[in-house]
Amino acid sequence: METEYSQFNILNKQTTKCGIEKITVDKCCFKKFISHLKNSAEFEANILYSVMACDTSDCIELNYNLFSEKLNRYLIITVLTDRNNPVCDTVTDLYKSAAFDEREIFDMFGVFFEGHKNLTRLLMPNSSVGNPLLKDYNFQKERSVHYETDL
Amino acid sequence: MYKSLLQNFKAFIKVVLTLIESIFDKSGTLPKVCRDDTTSKFSGGGIEFVKNNNGKSACDGCGLCQKVCPCADAIQIKTLSDSDEVTSFVYQIDKSICIMCGQCIEYCPQQALQFSEESVNCTENKNELIMELTKD
Amino acid sequence: MKPICDSDMIINIGPQSPALYGSMKLAIKLNGEIIKSVESVIGYNHRGIEKLAESLTYLQYLPVVNKIDYLSGFMYMEAYCSAVEKLCDINVPERAQYIRVMLMELNRISSHLFYLGVYLSDLGSKAQFYFAFTLRDEILHILQDICGQKIMQNYFVFGGVKHDLDLNALNKICDFCSSFSQKVKELENLIIDNPAFKARTKGLGIITKNKALSYSLTGANLRSAGINLDIRKIKPYLVYDALEFQVPIDDSGDCFSRCLLRIREMIESLKIIRQCSRFLIKSSGEYKNNDVNPLQIHPQSNTVISHVESPRGIISCTIISDGSDKPSRVKWRTPSLYSIQILPELLKNRYYSDITAIVGSLDIVVSEADR
Amino acid sequence: MEFYLGKMILSLNLQDYFTFVVLYTAEFLIILFFLLISAFSADYAEKYIFSLLKKKNLSARLNVCNSLKILANSFKLFFKEIIVPDKSVKIAFFLAPAILLISVLFIYSLIPYNTDFCVNKADSGLVSLISLILLFSFGITLGGISSNSNFSILGAMRHCVQLISFSVPMILTFMGVAVLSSSLSFPQIVISQAKYDILSWYIFPSFLGFVVFFIISSAIVNRSPYNFSNAKSELADGYKTEYSGVNLAIINLSEFSLFFIINMISVILFFGGFLSPFGVYVADWFSAGSFYYIILTVEQMFWLFAKTIFLIFFTLLIQTAFPRLKPVNLASFSWKYLIPVSIINILIVCVIKIVFGGFYV
């Protein structure tokens, strides 16, 4: 696996406590890596379980939970984005299920996905300010929410 | 074409017969809900203090219930004395915030709390929803 | 001849609508009776459950968890408890595992009964609704006897369950099993053999294999498309590998087969409950790991994932801990979110009256998707 | 009954034209009373069926006193505010409930309740019935379109589809009955089923006609399986979404009473109306006189209502068990199956009429 994927600029590779492989990939070539995993016979990642974002102190971490239904294998691809200007490529053209996940991450973390067709807030109202799941989100300041009146 | 119609008609009769059967079948009749035969140990309409024979509560104001409660400000303990040792305090549970999860009852070291049978669900005066215990 | 209404008509179903299971909005563009496009809007029931985890300790977060979904509280409790147990290396005694599995399967049956009743009621027939709900009431009474509450059961703790099952409750469950296996046949007569129900749902809302995988559907929605994916089989948690049951599959992928599979699943769940109650009557042991002090959980910084097969699909709970007594991040994967996502594609170019048939068949709980 | 009513009013010694006014007012009030009673009993029957299915002990909630709650609920609606949509066609919006109530009242006036109480003994009873049912549908469509709401318009349009589907088989089944009785008036149709009691009921020669009319009847009154014009889960309340207050009360009242009256009509057409199934009356034990007439009147009304309520119970049972169909389903079902079957029914009826002509009066 190490040699085959050398072209994709793998930064880090580790196994989590419950036995799941976690591969950290550079931002520029992670999309190529995922499409390779989807199409390769070795790891037919035909389900994108979910996309999870996590706010660490210096960057926003995106975890793509991939699953191969045929081989029964689970893999997490991690991408690190800059915290001040979080931009990432979309994977909605590979997995349609990513559309809502990416909208949710845009809503909650403010990560901008390039190429997403309808990147609007999913759970919070459109008029709300701030990204709630960031660690520095101020509840007292951004508590008041104006609901949209035109339905 | 008419064969499928006949089949559907048969299924139709079957559905109606099942329905009539189930209407007159009294075996599944549920008993009337009454509070006595359910275990009131695990559930109830509210939370109250366990009172011993003297009418006093065992609560010593340790504040562990505050630490396990998922709702902020549902349980409040205000100490009255200035000294370090907690002797006199006011204990309040706000039922308008409480979600009745039972964590405080589960983890109370003195077993001073229990589920009560009465419940106040709507009131004009919000103070009626606050359960209070003063101890000194 | 000029048509009466040559411009498209826009209809909003929801946020409050009897046809949707929660508050969500479907903005539908109609041309006559034919749907041109659909946009689904969610978020009306957002309670910030993932944000709450940052300010609560591991134990405080426990009662919040089963409020994500009002129909399958046990599944969410199990997902969270097993994630924390993995994080702190807590063993669960065998008896507690059997109790958990049994209650989860009871919960699965009650959730499926709710689904069947409400689905048929939305399609316009009341008899099945009352039939299913009387059965569901019996399960809820049993759960109330065991846990104290009917829906928001706060019964699982780290390393076991809160209190032991007594023989009385087990006898009630056995009685229920024997009466329920009879009732399922009647329910099948009323729903599956119903000619009007067949006419409404057969060949409607077909989800192909590739579409189901691409939209990341799970549970019975995926299995109706012919893919055998069940976490209980491929990655058994608790004692599922010691139990005998089958996973029903169908390959037509329409609304009818989704409904059919859920009835079959109830029968399989009944088998599991029977095996568990047989074990629990015979054995006696610890119902809780006594070494664990749930008040003091300070895991090291780590990432764990736990998967649970809920009535609607695969729930996964990811916890990222940072060494303190509060989780740094908790992420819930809720299956209903992905079922809502497929709606626009399923509803396009269908008749307006197919909306209830398609939306109802996917078993969506909006409060679960909103978190 | 009408005889005694007339006698009573004549005894008041009023002027001629005034007598007629009083007579018709009295008859109108009696019909209105029947309408209210039937609407409430239909509603009560529906709730009773649901309570049976729930299998809960609902004896505390379903008793005579509590059944008056339906009356109280509908009475309450008279004091509610009437909300008129902004861009609705005002005249049509208020006309539609009136049309519904008037058409139902006219249908009630066609019914022979016993041997001599039938307000409108017109020879063209069946034809007027058809036109009144179509008038009812017209009222629904008018109300739906005039209220300027997407839900209402869709409901009204769906009712039009329904109308096209049910009207043709309905008229064809009426033709079968008309052939058998050689008459179009309702009293004549009932009396012609009297010769051999239960054997001469029209259910036997035109069984297929009854089946077709039974299926169609739930489409006429917008009830499940064919309740797509007021489907709760799709179109909030269909054509009556925008109605409130008195208008809503009138629409609901006329719908429930139409549901009752359609079942009563199928009793009259196929089950011998007010006739006793055994040809024996309790009143026969008394000699002719005013007492005999009172007993006979009560008995005949009892048979009519008992048969109707039995049929309603059966109808409701079927309606609860089957999900709603699509408008397309009803149209295709009607043109593929119901119309051929009802034409076959007419042929069978004609043959029976020719061969066993003497069987019916």
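Assorted remarks:
Chains: A, B, C and D, in written order; residue numbering restarts at 1 for each.
By definition in this document, a contact is a pair of C-beta atoms (placed from the backbone, for glycine too) under 8 Å apart; a residue touches a chain by one contact, two chains touch by 3 or more.
This one's a predicted model, so the numbers in the text were calculated from it and none came from an experiment.
Chains that touch both chain A and chain B are the following: C. Centroid analysis (C-alpha atoms only) places D farthest from chain C. Centre-to-centre separation of chain C and chain D, using mean CA positions: 45 Å.
Centre-to-centre, using mean CA coordinates, chain A is 25 Å away from chain C. Averaging C-alpha coordinates per chain places the centre of chain A 63 Å away from that of chain D. In chain D, 53, 55-56, 320-322 are the positions where the chain touches two or more neighbouring chains simultaneously. Residue positions of chain C touching 2 or more other chains: 127, 131, 134, 190, 194-195. Across the assembly, chain A contributes no residue that touches 2 or more other chains. By the document's touch criterion, interfaces exist between A-C, B-C, B-D, C-D. Listing the residues of chain D that touch chain C in their complex gives 50, 53-56, 150-151, 153-154, 157, 224-225, 227-228, 231-234, 236, 320-329. Interface of chain C with chain A (complex): residues 12, 25, 42-43, 46, 48, 50-51, 54, 86-87, 213-216, 227, 229, 234-235, 302-306, 314, 316, 318, 320, 328-329, 331, 333, 337-338, 340-341, 370-371.
Within the complex formed with chain B, the chain D residues making contact are 52-53, 55-57, 317-318, 320-322, 336-337.
Here chain C touches chain B in the complex through residues 56-57, 59-64, 67, 127, 131, 134-135, 137-138, 141, 144-145, 147-149, 152, 154, 162-163, 179, 183, 186, 189-190, 193-195, 294-295, going by the rule given at the top.
Within the complex, the chain C residues that touch chain D are 5, 9-11, 17-19, 30, 33, 120, 122-128, 130-131, 133-134, 190, 194-197, 199-200, 351-356.
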